[in-house]
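Below: one structure, written as structure tokens.
Labels run A, B and C following the written order; every chain starts at residue 1.
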Amino acid sequence: MEALISELKEEIIKVLNLEGVKPEDIDNDAPLFGDGLGLDSIDALELIVLLEKNYGIKLEDPGKGREIFGSINTFAKYISENQKK
Amino acid sequence: MSIYIQGIGNISIQNTFNQTGFPEPVWYNEPYVRCIDPDFKPFISPNESRRMSKVIKRAIASAKASITDSGIEMPDAIISGTGLGCIADTEKFLSAMIDNDEKFLQPTFFIQSTHNTISSQIAINLKCHGHNNTFVHGGISFECALTEALLLFAGNKVKTALVGGYDEMTPSYFRLLDRISFWKKEIASSAELNLSNTIGTLAGEGSVSVMLSDKKNEKTYAAIDALEVLYKPENFETAIKDFLIRNGKTTRDIDLIVLGMNGDVKGDEIYKTTAANLFENKAQAWYKHLSGEYFSSSGFGLWFAANCIKYRMLPKYTALNSKSVGEFQNVLLLNHYQNKNYSLILLSAC
Amino acid sequence: MPKQVLVTGLGIVSGIGISVQETLASLLAVKSGVGVLKYLQTNHKDIPCSEVQLSDLQMRTMLSIPDSVPMNRTSLLGILAAKNALANANIIPDRALRIGFISGTTVGGMEKSEQYYKDFLENDKYNEYIKIHDCGACTEIIADYFGGFSYVSTISTACSSAANAIVLGSNLIKQGILDCVVAGGTECLTKFHLNGFKTLMILDKVQCRPFDANRAGLNLGEGAAYIVLESEESIKSRNAKVLCKVSGYGNACDAYHQTASSPDGKGAALAMQYALDMSGLIPSDIDYINAHGTGTTNNDESEGVAIMNVFGITIPPVSSTKAFTGHTTSASGSVEAIISILAMQEGFLPPNLNFKNQIEKLSFAPVSELRQNVKINHVMSNSFGFGGNNTAIIFSKLQEIK
């Protein structure tokens, strides 16, 4: 799980082009959207692409995104439970 | 009805950003040059900036510079002219689509790729609900945007307007245009771009935001008295004479003509013959050896002419002859794109 | 007294017909053009779209354009629609007429560029297509087919492009710069924007359901449509037949988000209000609104709220016709302007297809069945583009202008 969390942080920073943000800056339980990291609906779509491309998990309903991407921990948990690759 | 140039923001391949008047020119000896960019952090937050390509960052920075320069905080309209729009993001999405066989594509590049992202990002940044439009018509895009602004002023729909010319030249698009002979193969010095007697020009890019108002004051650069955009006119010289007559002038009244010459020996011919036939005894100048050529480079031309009028000076390195400019009262800008689209802009001192 | 802007010609090609007559017949027969992709070569053939039922070769043949002339589908559609509009208005473009051509497009030549992009980068095989990639070049292909235009321009504001072209054309006539303007837009389907919209997850897997509580996205479409705008003097001088008048229009920016509309639809409400103000009409004068109504969760609610804010308790019949034509993006402003004008001329309300349940937040439901023998004097057509570019245009029957 540690390795996945670490990898996830690097990927999120890269894909969302979070300049100036380092993996250690992202708290595992902090909200990713709204007040936390300040991500928005476009970022949610990017994470859906990331989910499929890197982990083989296809999310049909973008509405579920907010829940799954709630925090790094919820994100990592979802991946470990649903990963196909 | 005259409209006044109250403020200008200009990011180009010269040191034009946040400068008063004419900076010391930078000359280049290669056919492809990119902008001298400012630090964008004072203008755009990191959260917004992370999605933005250069063309959008430059547009916002130059728009904000024109706001500071003019003191007009909120324009009634935002109208942009761009030949290629957000080409960097378009290329990213297109290449990924081809390389990945239409799979795993990133929405950000698509969203940011539409041509009007520039106008709308400026509006979102300023929270401006006014009229918003984007013109994408090759080398006359900026003049089309300016045309619409003047129409809105004439119809009393706006009191102020932000009009911009924005284009980025990516390495890939430079290559594409190179295939169709847009660029010179080599340049000894851009200072003498017009002397090479070969086809092609210097590839540049830029972002010019012009804040216009229906009222003048001590900040005013110049007045835009008239503008005409023509498609395949039968005779350019006749069109110029008619344009001047309609605006109560003749060629004798013009103190300075500013030509959109770009060093392409074929394309420049019409400028040379027109200047010789109609303005032989008038001061003639050009600017594309400073700006490079790109689809909305006529925006740089407006910056150039406006500064000539405001500071009553013509930089020596832009003069095509040694005629005196006189009072800098009336300046005529002439531009064409591929000998199909022509523009005439009449400016005057205030 | 500001000059009037009158409409003297219509030309349209879309998934529901390649002429005004076919378009009208499809609307009255309640026949949608949304179906399985036939012409666009893509890996996503399962996505329902509305295509113009003509191949490029068929269009070249109809227009007598030889194979040797580089051409893209956007321009072919545009030429077809413009040809019909000019014929309908009985005009041959001529420099003496002071006639302009203003076209809205976003994809431009992308339909060919996406096929040849690798070649563009690596060899000289398709250089002719590099020249016609950009939007302006596509507009000029259409203008040059006819010749005679003295003013040619291209607007690109995504889904409000064609509507903004009509606005610009109207302003040019009002200021006496031109006597006549052929204004509208054209857009063919491309892999580029099909994939683009797919990444936004706003494409429905079935025929779209605008204004329905369970709507799940839009269907893309392609098409081209132009209306001929003319001044009174020009009409008098050639004894032209007038179809209707452009009585008002407005453009405003939502300034909220690049792709999402604001919850209160501020930009949309402003655009509609400006159109009413210009026309001198009050909300209860509008007899039908052809909504933007894409079928996305975001647009329909936002637009609905905006309509409620502007029209209050006097909301006229509203429908979206995008389940007929698909969302023709840059052409939608003029495609739907023509549908609005046809509805007014023929006295019918085009149904909003696939509607079952009203959106909770809205106080109105769209017109879900075809209604005929309806008196329509004033119709409003809405077009809202990415980047919050909102435009509303009001067309009116001549004798009912205040």
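Quick note on the criterion: a contact is a pair of C-beta atoms (placed from the backbone, for glycine too) under 8 Å apart; a residue touches a chain by one contact, two chains touch by 3 or more.
Predicted model only: the values in this text are computed from it and were never measured.
Ranking every chain by how far its Cα centroid lies from the centroid of subunit B, the top place goes to A. Chain pair with the larger contact count among B-C and A-B is B-C, by C-beta pairs in contact. Here the spacing of subunit A and subunit B, counted between their Cα centres, is 42 Å.
Our note on geometry: subunit B versus subunit C, Cα centroid distance of 30 Å, whole angstroms. Residues of subunit A in contact with two or more other chains: 42, 45, 49.
Touching two or more other chains at once are residues 103, 105-107, 111 of subunit B.
The residues of subunit C that reach two or more other chains are 199-200, 257-259, listed in rising order. Contacts from subunit A toward subunit B in the complex involve residues 15-20, 38, 42, 45-46, 49, 52-53. The touching residues of subunit A, counted against subunit C in their complex, run 40-42, 45, 48-49, 62. Of all residues in subunit C, those touching subunit A in their complex are 199-201, 257-260. For subunit B in complex with subunit A, the touching residues are 46-47, 49-51, 103-108, 111. Considering their complex, residues 2, 42-44, 95, 106, 108, 110, 113-114, 117-118, 120-121, 124, 127, 130-131, 133-137, 139-140, 143, 149-158, 164, 168, 171-172, 174-175, 177, 191-193, 195-200, 251-259, 266-267, 270, 385-389 of subunit C touch subunit B.
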